[in-house]
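Each of the next two complexes has subunit A plus one more chain, namely subunit B in the first and subunit C in the second.
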Partner chain A sequence: MIIVFSLFLLTMMVVVALAVVETRNLFAAAMLTGIFSFLMAANFFVLDAADVALTEAAVGAGVATVFFLGAIALSSEHEHSASRKFGLALLAVASTAVVILLGTMEFPILGDGSAPVHQHVAPWYLEKTPELIHVPNVVTAVLASFRGYDTLGEVFVVLTAAIGVLSLLGFPRNNSEENAVNDGLSHQKILHIVGKLLIPLIILFGLYVQFHGDFGPGGGFQAGTIIAAALILYALLSGGDRARRQMPPRLLFGMACLGAFIYAGVGGTTLLLGGNLLDYSVLSHDPVHGQHLGIMLIEFGVGLAVASVMLTIYHAFAGHEHR
Partner chain B sequence: MEQVIDIISWICLLGGALVVLIGGIGLVRFPDLFTRIHAASLADSGGAILVIVGCMLQAGLTLAGVKLAAILLFLLFTSPTAGYALAHSAITAKDDGLDVDIESD
Partner chain C sequence: MEILGLYNYWVFAILLLIGLYAVITKPNFTKKLIGLNIFQAAIFLLYISMDKVDGGTAPIIPHGAAKDIIYSNPVPQVLILTAIVVGISTTALGLALVVRIREAYGTIEEDKVISMDRDQ
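Up next, the complex of A and B:
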């Protein structure tokens, strides 16, 4: 049964990918990439990768689609038709595809427990997580503690994305009070009331994902995106000017930097306390308790940084046209 | 008793699948934007409610059942609102003189 479902998902992904390439309408292409991400998330879930599925659904299908739409609003809805030379490109793609297909012949069967990738470090993580870190979700233990280096790098990549967008588009300038005509969708009562009802619930769910990450799927990246989505919904409903007056983009960018600083600061503290970088065991008398404390702190830093970066990028796109 | 619940659950699941299928056919076959929104919102609300109720009957009074109930409550708010927002912005766009008719392709 699950095989049929996987085959359906993968086939749909190929169809959607071809449709993205084929369409000239960028709005349709943005929607199709959202659908592609949702199919990918379902596929991850079939493969039992719930954490990755949650991230893909929140980032790929949710916020990334909003960013695409923001970028389309700043440019044109239709792709320029350029003169296309098929021959060489087709040859390159076809030969790469043949090489990759030949490569997959040597691959172990999907889900094979004795595959080399599952025999390298994974058994060690699975065996040592209950003893050293004592959290039920091994993914969080690997992401936040064993491979804390990599995640620190990821947070700075996210921060760099915000810096890149800001250096291209600049901080959105706020309209002064009297000519702030853009009140979003607040004249539409139904949307406004339903939004008002849902935004607190979405933020509550985001906080649940944030602080439940040790026990189930979730963590700072997913939670930050969910909370950012709720606040983007607020900005859509109440108008960008009002949202920016309440959460100024400069403050948001400062919060993003603070989030990355908290993460790096935890690393620095462990160094000062005589441990290795991001070795949380030294944070408390009990190593396991220190690990819990460290993971909670860096997940908070990740959530803060991700939510602030998403909102900064959104406001940079949405506030641009009012100049 | 268990068998009765199982039968009801499968009726809900299959009925939901049927509603989604009919909605999908309508989405492609209906002549203009507003009838298509009608078909889409039918599949979105009715089909989803039936499927989730069917799943809830399968799950019983467990944590999964409670989570499904929360999802159902969320969907009951969002999907009619989404249908409304789509139709409303289509009407506004039509008043502004934009062409909202479906491109025949």
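Up next, the complex of A and C:
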């Protein structure tokens, strides 16, 4: 049964991807990429990757669509030039196709437990996590503790992207109450009221995902994007100017830096306490308790940084003055 | 079952090629970024397909769980989880560049931008 579902999802993904590439209307293409991400998230869930499915649903189907729409509103909704360079495309696509399809013939079939990928470090992580870290979610344990150094780098990449967007588009200007240029969707009563009812529930779910990430699917990356999606919804409903008065982009950017600093600060603290970088065992008298404390702190830093970066980028697009 | 065991990887290949095709042939910069996103999503699919173990479940081990439960591989999931968030951040950076190109050239079509550059 599950295989039928899986085949359906994968086939639909190809169909939607073709539609995305074919349509000349960029608004339609952005909405279709939302559907594409949602199918991808469902597919990840079928493949036992609950954490990744949650992230893809929040990022791909939520935040990414809004970013694309923001950029399309500031540039152009239609493709004007026809496709070209068909010869080059045909050559590149055909040669890549031959190489990749030949490569996949050698792959172990899906679900083969004796595949090389399952023989290296993965069994060690699965065996040692209950003993060394003592949190149920192995993905969180690997992300935050065993490979915490990689995740630190990724948080700084996300922060760097926010700095890049801000230096290209500038901080949005704050309009005062009287000359606010847009009031969002507040004239659409049904959308406004139903949306406002949803916002606290989405934030509550985001906090659950944040603090329950050690035990079930979740963690800072997912929670950050879910909470950012709720606050973007607020900005869409009440107007960007009002949202920016309540949460100034400079404050948001400061919070993003603070989140990354909390993560790096935990790493520095472990060094000062005589351990290795991001080895949380030294944070408490009991190593397992130290691991719990460290994971909670850095997940909080990740959540704060990701939510603030997503909101900063959203406001950079939404509050950008058309020149 | 045996034949369909590679279906995920074929879809990965097709999505990758669709993305590559869009990046090469579409002159519109926003569309190129959408193509890159599809390319990226294909690679996510490749990694997550590798983590699946038959009869396995998500790698969440409850305290006091039975020893004989099979878990899927957590390592590709960790890689892709962070890659998704990094991916949207870099896409946003690309979109910001598109907006700036539109302001500087008045168009986001590659051929027009190149011909305007040549005329100068």
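Just so we're on the same page, the second predicted complex is superposed on the first by the 317 of 323 C-alpha atoms of A that agree within 3 Å, B and C clash if a C-alpha of one lies under 4 Å from a C-alpha of the other, contacts with A are read in each partner's own complex, and residues count from 1 in each chain.
Heads up, the rule we're going with is that a contact is a pair of C-beta atoms (placed from the backbone, for glycine too) under 8 Å apart; a residue touches a chain by one contact, two chains touch by 3 or more.
What you see is a predicted model, and the numbers here were worked out from it, not measured in a lab.
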### Message
Just to be sure I read the superposition right, which of the two partners does A:121 touch: subunit B = first, subunit C = second, or both, or neither?
### Response
second
### Task
Would you check which partner chain A:102 touches, where first means subunit B only, second means subunit C only, and both and neither mean what they say?
neither
### Task
Between subunit B and subunit C, point out the one touching more subunit A residues.
C
### Message
According to the stated criteria, A:188 is in contact with first (subunit B), second (subunit C), both, or neither; which is it?
### Response
first
### Partner chain in contact with A:1 - subunit B first, subunit C second, else both or neither
neither
### Message
Applying the document's definition of touch, where does A:88 land relative to subunit B and subunit C: first, second, both, or neither?
### Response
second
### Query
Between subunit B (first) and subunit C (second), which, if any, makes contact with A:198: first, second, both or neither?
first
### Summary
subunit C contacts subunit A in the complex at 1-2, 4-22, 24-28, 30-31, 34-35, 37-38, 41, 44-45, 48-63, 70-78, 80-82, 84-93, 95-103, 107-112
## Note on the structure
As the complex stands, subunit A meets subunit C at residues 3, 6-7, 10-11, 13-14, 17-18, 20-21, 26, 29-30, 33, 36-37, 40, 43-44, 47-52, 55-56, 59-60, 63-64, 67-68, 70-72, 74-76, 79-86, 88-89, 92-93, 96-97, 100-101, 104-105, 107, 109-113, 115, 117-118, 121-122, 125-126, 129-130, 136-139, 142-143, 147, 150-151, 154, 157-158, 161-162, 164-165, 168-169, 215-217, 219, 221, 224-225, 306, 309-310, 313, 316-317, 320, 323
### Of all residues in subunit A, those that touch subunit B in their complex
188, 190-191, 194, 197-198, 201
### Task
Could you pull out which subunit B residues touch subunit A in their complex?
74, 77-78, 81, 84-85, 88
